[in-house]
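Shared between the two complexes below is chain A, which pairs with chain B and chain C, respectively.
Up next, the complex of A and B:
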């Protein structure tokens, strides 16, 4: 039997908490059979800094700054299938709680008027990515092919989704893998 | 009634407010199923429902505070915080917009130094928008403290601004501001009827309950509220359903944008409406009836109460009606408070019970488990009129009118681009073109039949006929000529659905908002073919998984206009296959300003 070519997967966390990545790791010993089928490109697991051509991209977290936009675009450009994983990627999630605040007053409060700050100033080093005025879900910036809901999605849901995808099936998270409360 | 600048402190009630609360509660016998009516009346007097009033009502009705807050927050006309002594709401139907409502609203905001949706700092007023107020034939229209003002012009807006600045009580405003015309241009069976009060009822009494059901069944009458269910079958099912009490409910919520025929019926033919309800009561064995009147039609309340009182005095309502011993029936009017969903029958019943207007699971249908879980016959205003006529005329004569599957006449509310908007009554089977001719419409590009949830048809279809066989309609007929942008029409409707989604089920709550965002994205010139395809996907989700008809029809405006007027969408699209939903570089402007940066890293290209 000829060995099938391994699929290449890239993952990243943008405006997220790495909770979704922890959930990916939570597939535990199933990582071994997974590694029979796939290999990792850019990912916190590999420390590769830039994403090359991939089959699947998994993105955790929403878009809160200019760098997020660049990374997301790099993923879109390189991944055949791009997946938004978790509430932050799909809806903006927790970071989007700042959306009802004005960015200027946020920055002012954090860097200028917060008690205990002496000679505070708003960081303006070009090395730092500028924050967008609002946090956005991924699908408002690039086309997203699939969504795995949850905060974070369970390891079982991620496992089911990936194995379906690898097997060439349209992923279906049936009863029990999606929680509504 | 409107009171002057009353803003009770949020924590304490003044003695006069307290006695008012006691009066309102006493009037409703501390009955928690009357909660919505109680809240409405409190607000009518105080301008909003202060925190202390919430506590007071909670205690009096022995219900938790959060039930009151949850009900109050559901209805757009109820406020838990002051929205100003004068609450100005511009009707935001597409027909109002076509008559210039948006410019008028901008003017008024400028004149009074106000931002839409905000309360002025002195607490004097707020200006906002509301869904169609049913004055499409005499727009642009507005509500001030839930009272309808029609035919707005720049001059009128200016005068209203002055009156508000001078804090003139609403009752002292010029009466012609509040004048609502009937605009009947074609009368038929109903609007031309010459029956005396009680005549149809007398005919019904001679027949008796079972025979009434039989006549209505044989007449072929179908509901005029939209769904077209055979009225006779509904009454029969209700009559046969077991229960402690049977109820009759008249649906006068008339929320479908572009529809205003029930308003005219209640103005001109209130007796016929009540007569139909009384006949229904005789048929199903009900002692109590309700008329659920949309809050926008609050100005009709006194008139309707007067008619009811006269009917009581003439023994057409009350005990032993027309001398028939044991035939007791009376009608109570309940007011809605600005929620389109309350036109859906099970949501309406929830609202009648003083709850949030969230649609129930169906089945069981109201005929077996309706108001207070008892058998309830619920019909549209016009249906009751038609039923009274059918009973009076006899089934054979009635069913000879119209077409074989759509018997009788239909009231059409014509609005939009035509010189003679108003009410037209036709036998079913009339063609769209005939109506266009009658109302004088020229260069017509499209007609929206039966409101946003209905059907949009283009020129080549104007030969189609109104009726359940071809174009079913609840009565709205909005005309758009070739100067109109059908994309903007659809966008207005999509905003309407997103605003009116009751939020109970996720597909509709989220889906209607996503649809709105997609339409706004296309309007902003950021749309792509991908977005058009997404609308079709969304439609599939909404149609297959929504809990009620609102969600199931919410994509119709887009799908229909896409079918007939695709170029109106395509001309706005960017040719690329995907575009961000917002201006990326613009989204960094704030941060650039705050950091003083303008280097390359401080900018984002729209596309890479």
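Up next, the complex of A and C:
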């Protein structure tokens, strides 16, 4: 008897708060039956640094800097199905609230002119990824196959979506599970 | 004198002078709608209520009911069209539900839920629309305006005040406040005005309320809009059954 090959899943958080990852953990003991079906590639759960070939990629957060673009492209290249999870991945969310402001005036206010700052300077270490002029939803940078809305989506919504997908069905959330807030 | 038309193959009784939308809602049949409000003359602009009448598309809120019409509403084709309209509205403004006080009570959001809209999909416009927080009791957040004109009509027709108007054309069309300063504090708007209660989205916000009803316990958290809208619609006089 041959064991059914497990699906390989990668997850990451870009311009997000890891709230969606907390919600993934919130599926609680259902993680055990999930682990019968899947194994994790790059994810905060494994600490693997680069995404290899995967069946499903889950990306939390929008795109706010150059590194986000590289990671997202790596996910798109390696994942057969790419899912944007949470409000920020879908429409930029909270970080995108800076989009109507000028980036340099944001940095100036935060690091130079904010009252109480002493010897402030705008960080310019080559290790730091450069911020983008605007924050973008994921689908403006690569093709996204599915979206799980919510801030964060509930554990039940994530569970329903993933189990539908793994079962080969078109994922549907329905009233109570589909939430934008 | 009443007659019938067919809606998705079911007979709907209507009174002379009713629109397809009015007759359908009164008879307990839901047609998705956004800018239509039962107390105001239909605007016909959001097109969410588009149906096919004898094979041609029409806004059901402005389409007069006629005997023998064959109206198609709940089809995958029309719901896909409605989904796209909702997505375009979300991409056009700044609709950040997690930080919006109207979340859970918002008709645009509730339609998104009901139509299984998982994302706006289009390129987001991220327009720059400053708030008007000048009034002591009322906040205006233009970021969420969908130009339905309900506040304009409510203020003019019910309140007799003309506090709001739409200005500009095309992509630059926007909601304005009727005061020399352009600020809400210089109008005679009051919390008891009809204009305060008709906004389907989160533009006209009463200050000091915030999240006193928690997210998750709000109107469309409890029931989908397709059920709630039927309760909100004017009904036939009691005794007249409709199935």
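Here, the second predicted complex is superposed on the first by the 178 of 181 C-alpha atoms of A that agree within 3 Å, B and C clash if a C-alpha of one lies under 4 Å from a C-alpha of the other, contacts with A are read in each partner's own complex, and residues count from 1 in each chain.
What we mean here is this: contacts are C-beta pairs under 8 Å (C-beta built on N, C-alpha and C of every residue); 3 or more make two chains touch, one makes a residue touch a chain.
If you're wondering where the values come from, they're calculated on a predicted model, not measured in any experiment.
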{"item": "Room on chain A for both chain B and chain C (clash or fit)", "value": "clash"}
{"item": "First (chain B), second (chain C), both or neither touched by A:77", "value": "first"}
{"item": "Chain B versus chain C as contact partner of A:126, first or second or both or neither", "value": "first"}
{"item": "Partner chain(s) touched by A:113 [first = chain B, second = chain C, both, neither]", "value": "neither"}
{"item": "First, second, both or neither for A:134, with chain B first and chain C second", "value": "both"}
{"item": "Chain B versus chain C as contact partner of A:46, first or second or both or neither", "value": "neither"}
{"item": "Partner chain(s) touched by A:147 [first = chain B, second = chain C, both, neither]", "value": "second"}
{"item": "Touching partner for A:104 - first (chain B), second (chain C), both, neither", "value": "first"}
{"item": "Offending stretch of chain C which, after superposing on A, collides with chain B (from 96-104, 168-176 or 222-230)", "value": "168-176"}
{"item": "Those residues of chain A which chain B touches in one complex and chain C touches in the other", "value": "134, 139-140"}
{"item": "Chain B residues within the chain A interface of the complex", "value": "530, 577-578, 580-582, 584, 587-597, 599, 601-602, 604, 608"}
{"item": "Chain A residues within the chain C interface of the complex", "value": "84, 87, 90-94, 96-97, 99-100, 134, 137, 139-140, 144, 146-149, 151, 172-175, 178-181"}
{"item": "Contact footprint of chain B on chain A as seen in their complex", "value": "66, 69, 73, 77, 102-104, 107-108, 122-124, 126-127, 129-134, 136, 139-143"}
{"item": "Complex interface listing, chain C residues touching chain A", "value": "90, 94-100, 103-104, 109, 112-114, 116, 118-121, 123-124, 126-129, 215, 223-224"}
